[in-house]
């Protein structure tokens, strides 16, 4: 599959794209990773679901969505003709659920890929549990690979001792592309009320605060495995995007930054072109993994 | 509805009292119509502790000057910074966001607000006047030194006042105001914005008296335009996004 | 052992305390965790050793120090009569080295405790490797426990899948107290030069950026094991310190914040007292782990 | 030496050209003696991207006005913010930090500086004058439009000038200036501060001509007071901290 440019938007930070049509032409984007889709309707976690932190935020949405059936029947028709790649973020609590969702999405003609979310820290069962044990990660990836015929991306959790081990595990399971990273598990406390700030106590940390960890993981995985990488974690501007590409990301996702500046993703797409021009580099591909380390 | 992110120019910063001020902001392009109850997301530059935008109801829109104003209560770092803005400074706004108070084409409307929650009542008053409705206002403050803009509300309708300590107007909460004493109430609709406790009390009273009531919620928001699902409130149709399906809700629909 | 107040300073962020005598009376502190001491002289990593990041920094000092012999003979005499607790941060590349250093520090009368640093991300051998595998962590702790007779603290790495498993592993090995957290492994890239910013490519992330992760780990470990916790990671002010205490830290360390405001540690000690007064709480002990979660 | 962290008051912000300005800062307590070559660590408030302090050499200390000044080149976010400071604003400084240029009691001294590296030469000139030494200055800039403060240096000694493009003074790098053409050089000591390449070239030249030479290094710093070990440079006695054992080093000791 081809992206018209390396700038895409991260799952959970861009809805199904529709809201952003009020801001700009979605055709300016390389692609859109839509909000997690699960087997059936999930109301998500209790309010409050977010906390602001230093250069970042915690969220605990808990995969709120109306389920895959609703996605196929109600949402897909509205978004399938967007002039950009639409990738569905597939989530679940059991292997069977992941497989079921992937099978349904496989039927949707205008969805060229899914992103298997085995890294959501905000649900009690499944979610991140699949993404922190190599054998389980292989197993769920392999099961989905069995039914999903198009491009299979797997999104990894940073909450692990060895990201390379996890990367190898899902590539063994049949992943075509790796997305990293999802959120770091964090917590916020209100010193005055002496209570946790979010209803689930812990939540997922995103934003510039996690960029150094994300960059490190992209770089480690780029050196360790031989599949394309979709990189994200705290990308706020063109410079950040270039850093991820130098570290090894072929495509980047913009997540939390969409909340700070709704226009940021097309600005980055434009900025990458300016960077390439300024440095006399022919194509974005030429900077992927091009970090000079000696 | 089309939404925008623009740098607005600060054309006025008028303190109302020690904790509240009104910012008047001029748009760089002609303003779209702003509905009463809609809000904006403000980017607080230059502060390490304000990463996310801050949501504020539109207090007033003056299309002749191409400005909007915000009525802001100083809470933390972000609002403190906003309070120090000077004429000529810029402030980035995402706008217009959210739904709006419903607009009856006739009937008697009571607009109830407390503290910074009075913010959207002004634009609502203006809006109703343009529909030839003169609403009543019932505004509540902590004490006389926080009471302000009474003459401005009075341009749009009759104004009732409560203060917690009785230092001006009626003493006590707004729900203890004589306006609510009669049964049935002489209103077809109540619109309320203020602290949670006030909105609950008003909603309960309205329900008891069988009057339609809308409240404007102030849930924590990350995006403000419907994509993060952080701001949800439970309603009779499930979790709804306060920033898109709200901030204004018919109280009969809320499970809060 | 007793701390006169819960505010101490973190290893590597306070030298041996001497430099701070130019700023204030060290007697205002609960204690000082001095820079890592290893078996012999280590020159540390090549310059550049640091990068600024969003609400944080990366460092890659690489345990530069003159070795335990120099510590005992030259440094100890200068610091032993500071009017506060002095704890030595013990590091090494092999179990033998950890044991050897601990044995030497055990002889120093005015050092009531050591903090075993099995979590340094910035050295090729040993360091963090000991801190990310439970069995190895147990082993090195047990070996040091064999020779070290006073209070044995072990400082854990956050770069693990399960912090509780690591906590239990070192408590099994004989740890009396747990310190958490050390730095998160991160990386910074200079988009213009297309090079890593620090000489070792990756380094340790500290500062407010990591506070949510640190708080989460303190809380998880507080619930899982029954030894006192020394909490740190991005503490910049009194509110942050209170948050760590509510999450379960009996003592807190101030690290990177010393670089932003050299006076910050005594300010926090003072601030905690004001907080307790304001909330009518008798003693700092009463807020340890007092987070209200229902 | 005792060190302090204090809020200084901005009493002047004088642009020298588009990229450089001099900030004059008044201390809230009587200043301790500041030695030439010492630096301060500046806290840049109100910017999310400047977490660490920024180090700047003291440009001048005026004990009668109880002020110090910094000569700052705009590089990134931090220095940009500093450039926008206005009279009356405050700036938090940790000071005084580092060692200093050595102070010969007699002899002929050449002070060499380039770009923002000229900053410490002014306080050094003043210091030497008070020891009855009139140094020569050799200052280098990119071009005429960046040349400034020539008359002020001239108060303390003779001033030579180079510009990269020859638009004023001699053309070329400072090391190509005729001052360096004679052998032996008419100096007992050279003190240099500027870009790395300049310091290396001057050090090499000084070594070749057998003249003692000191440079002031500008390594990246996290703390600035000796505790983080981030700023080290290799010397004949191993890794030394630029913020404590430096920033001034005898070039014969450096392995750079």
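All chains are identified by letter, namely A, B, C and D, in their written order; residue positions are counted from 1 within each chain.
Here is the rule we go by: a residue touches a chain if its C-beta (ideal position, glycine included) is under 8 Å from a C-beta of that chain, and two chains touch if they have at least 3 such contacts.
Here the structure is a predicted model, which means the values were calculated and not measured.
Participant: Hey, what chains does subunit C share as contacts with subunit D?
Facilitator: Chains in contact with subunit C as well as subunit D: not a single one.
Participant: How many hops, at fewest, get you from subunit B to subunit C via touching chains?
Facilitator: When the steps are counted carefully, the minimum from subunit B to subunit C is 2.
Participant: I'd like to verify one number: the distance from the centre of subunit A to the centre of subunit B, where each centre is the average of its C-alpha atoms, in whole angstrom.
Facilitator: The answer is 36 Å.
Participant: Could you tell me the distance, in whole angstrom, between the mean C-alpha positions of subunit A and subunit C?
Facilitator: Averaging C-alpha atoms per chain gives centres 33 Å apart.
Participant: What is the distance in Å between the mean C-alpha positions of subunit B and subunit D?
Facilitator: Between these chains, centre-to-centre, one finds 54 Å.
Participant: Round to the nearest whole Å and give the separation of the Cα centres of subunit A and subunit D.
Facilitator: Each chain reduced to its C-alpha mean, subunit A and subunit D end up 48 Å apart.
Participant: Which parts of subunit A, given as residue numbers and ranges, touch two or more other chains?
Facilitator: Within subunit A, the residues that touch at least two other chains are 53-56, 207.
Participant: In subunit B, what residues contact two or more other chains?
Facilitator: Within subunit B, residues 48, 51 contact more than one other chain.
Participant: Using the touch definition up top, name the residues of subunit C that touch subunit D in the complex.
Facilitator: 12-15, 19-20, 22-23, 35, 43-44, 47-50, 52-57, 59, 61, 64, 207-208, 256, 258-263
Participant: What residues of subunit A sit close enough to touch subunit C in their complex?
Facilitator: Result: residues 53-56, 58, 132-133, 159-161, 184-189, 191, 193-196, 201-202, 205, 207-213, 215-216, 219, 234, 239, 242-243, 246-247, 275, 287, 290-293 of subunit A touch subunit C.
Participant: Tell me, which parts of subunit B touch subunit A in their complex?
Facilitator: It comes out as residues 1-5, 43, 48-53, 92, 94, 219-220, 222-234, 238-239, 244.
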